[in-house]
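Both complexes below contain chain A, partnered by chain B and then by chain C.
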Partner chain A sequence: MTLLEATVLVFVIGCALATAVFRDILSVIVASAAYSLGIATLWVLLQAPDVALTEAAVGAGIMTLLFLLTVAKTVNPTTDRFFERIRPRTFVVLVCFLGVLLMTVPALPAIGDAGSPVVGGEVTNYYLDNAYEQTEVENVVTAVLAAYRGFDTLGEAAVVFTAGVAVLLVLRREAFV
Partner chain B sequence: MSHDESTDGESSIRTQPRNSVFRTEDQTPYVESTIIMTTVRVVAPFILTLGLFVMFHGADSAGGGFQGGTIAGTVVLLLAFAFGIEPVRDWLNADRLLGLVAVGLLTFLGIGFGAMLFGGAFLQYNAYPYSHASKYGIELVELGIGATVAGIITGLFFLLAAGFETDEPMEDEQ
Partner chain C sequence: MNVDILFTHYNYIVVALLLTIGAYMLVETPNLVKKVIGMNVFQSGIFLFFITSAYRTGGSPPIVGHGGASTTYVSPLPHVLILTAIVVGVSLTAVALALIVRIYTEYGTLDERVLREVRADE
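On to the complex of A and B.
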């Protein structure tokens, strides 16, 4: 792990903790946006630009705006405390959960390991070998999303559509604007 | 953003004027700023272009319909932040926005079923009797996704901004 990766990782963990413990909702939203930006940087460092772009646009961009707008519609309860009060029970459960998750880390292959099942797998190699000939797009991620797994992506688009329609139904409106 | 009559009285005690983002009785979140308006006016065409680029070029580089649609939708949000939500709401055409969302999904479905008309399987792009049918099919699908995502994001933004009206006051307002 390079120094840059370590710095971004510490930043991301710090932002995630801040999101959890800050009392003021506005601070939480800002910390959450910073977290998304850090994660997006991490995806770029791990050479997953497609995911990074999504995280930056949706996580850091749109979600922050929508949260801010929602918060602007509410009233802010007065508080003297800066941090959320953390109950010991919650803390114990979280530490246990974290422990369980960390136990899976040694089982993961090293980043860029040529022998890892993802790199050497039959499916991966099939996509890498045939994606351009069969779909004529150079980005294999797009080839998988739109062609090989096109039906799943249609489902995703339908989910986005349904979410909008559901909000319209719940708010009993007939148009977005 | 107009202030809500139903919260008169109670909420003024509980709101904190410290954060200008939060609603107070005599103050709305919108601030008319020449700097913001000028910046948005300059930046908006470039962001829209970037959004379309990410959508179109998603086939050959990082990106795609979901990312590009989000970026393109952001342009309307930026305009709303700079020039006020109400003027932008009046400027947008509600039917066209709904149409954009529907057309996006229908494009995807249309390409899927169209392939069946030409004797292929559902979403089998190379069943179309055109050269580079796969590439153009995928590009169209990405555009369709982008249209749906951009429309939904814009719509959700305006729905959230409008809030909802109830005859009775909310429970936590007593």
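On to the complex of A and C.
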């Protein structure tokens, strides 16, 4: 673990905690935008530039815009308290939940292990070896997304279209005036 | 727990923390907008799990061709899955926020507890 990675991880956890404890919705939205930025940096460090670009454009950009528009259309509840108050029994449940999740961690392969099922797997190596010959696309992520699994991407486009139709139906057009 | 785990599995520990924070926001905060933000935190915890599993020490992004400058690449498959998941997540957020705007125009509140009382009175 490099110092840079450690800093970004601490920043990400700090921003996530900030979104959870602030009561003011605008503060929460700003914290969540900073959180998305931290996550996008993390994707770059983990050698996933395609995911980082999508996260920066969609997570930090469009998502923040959608939340701000929602607050503009609705209300930001005024509050006398700045932070959420966490009830003791909630805290106990959260610690149990975290404990159960952490118990699974030692069973996973170490980070960066070349022999892990994902990295050393047959499917991964097939795509890395043959993607350029078969599709003539240099970026294997693009090759899988657009060529090998093109129908899945079509399905994804259908999901986005359905979501757009659903938003229009729910808002019944007068919200855009 | 072994201390070495902290240095070999650190991202997975962050995943556990993000899932916990996301679950707390989803269940416990009364404000509907904050719930949706909690859902996004939970989602990106899962994304971190996938992208970490694709990572390989010394690996470069999976861009091949031109004789291949590098021989070790990170796995492209989890990246593809997460690209799709991010876009689907945005669609989900958009629909959720549209419903929230609609709820506000009908009931005049975004507080889950007030909403429950109003619904009970009807």
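Please note the rule applied: the second predicted complex is superposed on the first by the 172 of 177 C-alpha atoms of A that agree within 3 Å, B and C clash if a C-alpha of one lies under 4 Å from a C-alpha of the other, contacts with A are read in each partner's own complex, and residues count from 1 in each chain.
Criterion: a residue touches a chain if its C-beta (ideal position, glycine included) is under 8 Å from a C-beta of that chain, and two chains touch if they have at least 3 such contacts.
Keep in mind that what you see is a predicted model, and the values were worked out from it rather than measured.
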item: Contacts of A:145 with chain B and chain C, given as first, second, both or neither; value: both
item: First (chain B), second (chain C), both or neither touched by A:153; value: both
item: Which of chain B and chain C A:71 touches, first, second, both or neither; value: both
item: More chain A residues in contact [chain B versus chain C]; value: C
item: Touched partner set for A:62, first chain B, second chain C, both or neither; value: both
item: Touched partner set for A:20, first chain B, second chain C, both or neither; value: second
item: Touching partner for A:127 - first (chain B), second (chain C), both, neither; value: second
item: Partner chain(s) touched by A:98 [first = chain B, second = chain C, both, neither]; value: second
item: Contacts of A:4 with chain B and chain C, given as first, second, both or neither; value: neither
item: Touching partner for A:49 - first (chain B), second (chain C), both, neither; value: both
item: Residues on chain A lying within both footprints (that of chain B and that of chain C); value: 49-50, 54, 58, 62, 66, 69-71, 73-75, 77, 138-139, 141, 143, 145, 153, 156, 160, 163-164, 167, 171, 175
item: Of all residues in chain C, those that touch chain A in their complex; value: 1-2, 5, 7-25, 28-29, 31, 33-34, 36-38, 40-41, 44, 47-48, 51-66, 72-80, 82-84, 86-88, 90-95, 97-102, 104-105, 110-111
item: Chain B-touching residues of chain A, taken from the complex the two chains share; value: 24, 26, 49-50, 52-54, 57-58, 61-62, 65-66, 68-78, 134-139, 141-143, 145-147, 150-151, 153-154, 156-158, 160-161, 163-164, 167-168, 171, 173, 175-177
item: In the complex with chain C, residue positions of chain A that touch it; value: 1, 5-6, 9, 12-13, 16-17, 19-20, 25, 28-29, 32, 35-36, 39, 42-43, 46-51, 54-55, 58-59, 62-63, 66-67, 69-71, 73-75, 77, 84, 86-87, 90, 94, 97-98, 101-102, 105-106, 108-114, 116, 118-119, 121, 123-124, 127-128, 131-132, 138-141, 143-145, 149, 152-153, 156, 159-160, 162-164, 166-167, 170-171, 175
item: Complex interface listing, chain B residues touching chain A; value: 1, 7, 11, 14-16, 19, 21-23, 29, 54, 58-67, 70-71, 73-74, 77, 81, 89, 92-95, 97-98, 101-102, 104-105, 108-109, 112, 122-123, 125-126, 132, 134-135, 138, 141-142, 144-145, 148-149, 151-161, 163-164
